[in-house]
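Order as written gives the chain letters A, B, C, D, E and F; numbering starts at 1 within each chain.
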């Protein structure tokens, strides 16, 4: 297992296979023409967000830029970035990193998109923890960076093992519906869970597989008593989804049964807007699990512009030549 | 280089590291309890789209399912799928594939999302080819599957090398702004391009780096004459982006100059809606290049439900027990 | 018990106590002045609807108008009426009925409003029967006329005993939540119902009091088997209300259990719009029960205008003097 | 004539004929089963409003509940009630009042709806009195309770005699259009009114039957001078209805003629929104008469839930078992 | 008095004083530089409309262009023109007409705007004549051309004397409110009108100055009988304006009185939308008088572009060089 | 050349030819009847605006009213006027000015409309000067009064010579596109301008005729250096129009080239809303040129009402008789 934050850059990234083909052509032409000046390229965010991906990008740049004659400045991982703000500046010979423009832009776009969506949920939660459950909505090759980005966006944890390898937090999770179906009964499932899982794994029962949530919640509480850490409400949309009223009722019934130590986890189509509905209704939610909203976050794209060539200010039409002023940048390489 | 369509399943996928952690727990419990029935799991689309990802999923399943006692039925790659329709059905011992539910769902969700967005652009184009240029908007680890999905959605090609490895079509591309800036002049750039690129690479000049598009278009046409295949309009949004009027004017000026053989490629913030504007205005566009719209496509998620356990119809609350009827499925394993 | 359609006009109506006080004053003045001409008053609908209330109005007029020298023309009970159309015309000495203008207008307004709302539900149901369940939403003094009006609007029946006295159809109904709560169990309730109710009363069980609807539906079906006529879904809004998906699922589970003879009654916040959602989704609903939508129908008001005085055409400012032409009217008194 | 506030409960209410038929069945079953526990039923408002109907409900309960072993708590007539708030709580043997659930709910729903609509008008009037003129828009059997409810909602009075029997205020009213038409002239009408009405009845002339309001207003003022209390503007919608400009003009013309003692009553399609337009335009209105808006108020429904059975907390699914806390309730029986 | 269509070009127009000052400067510079080529200037409409103003523009061009070496092509007065269509093309030495670009553009913009607005009203009227009454809403210097443009847009006539000088139709009009006020009575006014006006002037009475329209309409009809051609409804907005209901009622009351020969003219805030309301309600309007809607029409602007210089195709950036193809143009000079 | 503010009343105005024909008829009838009382007519604004046109109206009244027995009160030129406020009051024998009601209303309507639109632009500019460029959008006969009105609305100047004759400010303007096209080159044009124009005329170059604005701006700055006062951006809509980003970029490129003394004029479809976008984006605009928005301003109409006849308060129906109170009026004649 790797150390948290220790990004491994994929082979096809390092070979440039993931780059736009026209960059390969451009580097061939420039090499043939003997053109390889020192340039400064600035990466500018297209809209506001929580900046994310720079740790991975730095790992990449450290491998490809020459050890001397390079200079990289950037915003810190996890800070806010404004639309139009320069978030990364690279000064180096063009040929050393021109091919990686696509990978750098893509890493920042995806990660900043995910981190920003996560942060919106966390902010809506107003102190109630949010965990990222989005693995089933994205291609498995990016599950790790997505979960990492969600934690950069202040999620309390995420659901995948590969995410843990990057952010270092214990993965969160309860039990899948398949376990309950295969065991044939919710109470039997949580008791098997209790029997076979190490004591440090919290016992959280999923309570909507077979019966009404209120009924199953009381059943599992009666079965595990003090050892039950929580129940998870994941009511299917065919049954109306989880509502603030449901949380209030389950809380009341648990409390009336003497189970006020049991937490309530809420999942299923959770968005910042729905989180706010729970918060506005003072629904006693212990944890929100957010899947699709974070996973489906639109990328927050960046543009890369050559702003200096051999210390001469330049810019393509539509951009202001020369380096932008941004005192928030700090040197990372 | 690999054969087109030859998907390589990542190591962390095969180890289950990209899975939700709760699936690891469930499998441990079931193993300890000695529960491993033959089950049927159905994967149902949450909304309409162009089904994509099944080739990669099949590759994965072929590696993990037992050679006998397995049965996999699915829709074909690239056909339409309706919301609520079962698109994949797996019959096998649960323990053999339970851990891969997350990866299967995620692969289908991402790929179907991208293919659907691509298909929307292609349909809007009404016969004008569309190429996928989205590599810079997504994490590099998924550039290949995104470009593959775009081609499944009927894009004519895509921009990355890694995409070519999966779909087998020549990657498309013109020249980057950086080449023009480094060469210092648009005409000089296209002439260097012409000098150093093999003859089969089409000469397409980017004409908005320094001057007005109409001026640069005529300049490069005068320089390369018959050898110029096309010009690409990528007007920055600070200059109003590309408009149908601009395409009409450039076409007229090129024709008046005797360059009616020169194609016009259009890029920059292209969406189905904007494509329709060009088509409705009869703007003589030769090719549309679409980046962000495809790359930022929301996943089209699937749900996985156990519908039979040892030939007994089951379902969690909210779902109809037993197998759904879908004559469009065919057996793939 | 009264004969259906046999309206009893209340004492305070006949004394004129329910009239606007200014009509009492007017009649006093006219009497003192010796003014009591034969007049024609026309009652005009303010907007489109299903005309209702004329049977009751006719009963009233028959009691108060002189036996000779009177003439009453009206649309038939239950036909459509258009905004601006004359629906009732009375020719008689003014003093004989001037005081009852308020009661006539109010009867037509309320009844036409209810009948129209009922007809909207029936039309949305596209052949699926609709029953009126609105008694709990209106003052008890008008429960009977409301239920009567709903049946004029083509409802299959209604829930109150007093409604039955007016429209003559067997009142519809299943069992209240209170019965289930007091019996302590849904199955026990339907079995007690089955034991004590005469055989002609259909056995319809309410299945959402304690447990999930799917579970309770199967439980009561197992208990009563062939004798169970139907189940009623009345899912509280805190549990998401009844949805087309829920009806589909319950139907499938009942059929899989061999209970395809069991009907599904749907209630709870039903409106024409929601009925259309069920119909559009081909949800196998047997009966809709509509309460609030019919009960809360806005009155469809009428205006009363003197159009002739002793055969001379008159009208107040804003109205056209003289009788309107309406061949749809027929003489009722 | 009855004492104000002295509600007479109708015969068909007391016999339970206005109840939902299923309550009759439930009581039969429970009696046969020997089930008649002491229960607590709570009545909860579905949305915000002005609580009304409790005086009538108390009259009903006092007749049907046993003299001992009963306890009734409620909000006061006319106070605000919030959506979700318990407004009435009954503790008694179930059989003593189960049949009256429908009547209690319906009384509260209708009366609270009317009182709330009236209160909206009164609040919009910002100190200008509002009188209820809605009798012609509702069935005559509920004219009295509607007018009573409007006065609970702070209307200054209402138009019907039967309303007076319940709220005890002198009914308001001017003269009907029919009087003017039958007398043939507005001035003649007000003079006859003045001649035949007792001196305590205010002389208020309706001034839009034959001529322009400005002309008729001055004519009647000239005729009655000091004895004219006011004029009523009821301009038909075919003539544009009453507008703030019209009120300003009539006021100015009356003042210029020396008739500044004459009040201006405004009626015809008045709603809170239109009242605000008059108030915002500082139109010198003396009284607003509101008919349809109050009469057509949607019921504000209540739900009835058994919350205790023999001192044990219960609730159907979706509700929180046990008594709600509401210190605003006071004991009424 | 001038011949219809005989436009007199103002002195300050001919001196170029109404031109943009920068055109004076440009002509000075070009003269000093000895630049005066033959050019072709095309005038293109910015949006769809009814083309108007070309008769006046032709008059101007005939005075300023050289008799030989000039060529002017244009659309016909009053035909439709599409946005983007060339409506006027001038070939001549630049110095002969460069100064008049401003005047030509302005004439076409204003006149096309007015004619288009008029045509919208006429089309809405669906055969009912429309007359232009807008003189009081525009500066008197353009009353004539506005009324001329309205007639080009198919208005039946207009209200001003100066309009008559241009379009040659008898000016339309009834009587002003001031006449009625000064005569002190509507009947007296129409009788004086009848006494002093020549027989060919139609007697049309304005019937809303003092009393209700229905009353005054019958009064003037009784007074003039066969000699009354029509009445004009111009109800002030303080009295709700003219409505379809009012027209129906007045028509009915006139017909009942035996005055079916009396026409009804409608004015006051008339727009195409309001005309459609009358037409949709089959209101028996004889003539609509439209003031503000035509007078306040936004100009439909044109752009002037040099497209050829000494037979060489040119265009500024954004326009297509060379002459546009438009077979609808015909040579006018 | 005339003195600023010295309005010349057109011949057809003074003859009454621009008046509504019905005023001619009314004056004939009144003369024949011998009716010519002293009247007071009040002119009331229909909506809020910047009052304009009174200087010209006063010139007209001074010519037509008798020297004695006249009294004119009015708001000052350029102050705000509220909807419903009396802005002009004339006391004189009716026959002396009745015919000019149309001209007075029209002058005030047009001029107040233009001044108000200009003021909206000026207010949006928040201190950045606005000049009126609308001559090409209105008929040449009103170019002068439109430009005068724009200056009353606080525009810094306007483009026409005839406007200068009325408001006395130097007309503003740069160079037309036609000059650049005829000179064949932007630099050549500004150099010819510099050579032939007197030194007091500011050198402002139009920089979008042939090339990109950034390129042409630097070219003309290099050519004229210190003598260049500014550049004008008038980017055609086919090239996206002028945007705040473009202004920022041009400013930066000019500053980087050492041309920070060069002002930036912005034109092309400018409206208050677009001005606010520039201001909100802190775009360094020096001057806005506004054409269509001011020229197309809807008239702000006035109504004229006789309020006294021989000192007796009168008014037509819908208006309040007698003089309105308005202490803001001052006597002008």
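Everything that follows uses one rule, which is that a residue touches a chain if its C-beta (ideal position, glycine included) is under 8 Å from a C-beta of that chain, and two chains touch if they have at least 3 such contacts.
Per UniProt, the chains are A, B, C, D, E, F = Nicotinate phosphoribosyltransferase.
Keep in mind it's a predicted model, so treat the numbers as computed, not measured.
Trainee: Since chain A and chain D are copies of the same chain sequence, what is the angle of the rotation superposing the Cα atoms of one on the other, rounded to the nearest 5°?
Mentor: 120
Trainee: Round to the nearest whole Å and give the separation of the Cα centres of chain B and chain F.
Mentor: Between these chains, centre-to-centre, one finds 57 Å.
Trainee: If you average the Cα atoms of chain E and of chain F to get two centres, how far apart are those centres in Å?
Mentor: Result: the chain centres lie 22 Å from each other.
Trainee: Could you pull out the residues of chain D that touch at least 2 other chains?
Mentor: Correct list: 210-212, 235, 237-239, 245, 249, 317-319.
Trainee: Taking the top-of-page definition of touch, could you list the pairs of chains it picks out?
Mentor: By the stated definition, chains touch in these pairs: A-B, A-C, A-D, A-F, B-C, B-E, B-F, C-D, C-E, D-E, D-F, E-F.
Trainee: Would you pull the chain C residues touching chain B in the complex into a rising list?
Mentor: 212, 214, 245, 248-249, 252-253, 256
Trainee: Using the touch rule from the top, collect the residues of chain A that touch chain B in their complex.
Mentor: Against chain B, chain A makes touches at 10, 12-13, 16-26, 28-30, 32-33, 35, 37, 39, 41, 94, 98, 101-103, 105-107, 109-111, 133, 135-145, 159-162, 164-165, 171-183, 192-193, 195-197, 201, 208-211, 235-239, 292, 295-296, 298-299, 301, 305-306, 309, 314, 316-319.
Trainee: Within their complex, state which residues of chain D touch chain A.
Mentor: It is residues 313, 317-322 of chain D that touch chain A.
Trainee: Using the touch definition from the top, list the residues of chain F that touch chain B in their complex.
Mentor: Residues 210-212, 215, 235, 237-241, 243, 245-246, 249 of chain F touch chain B in their complex.
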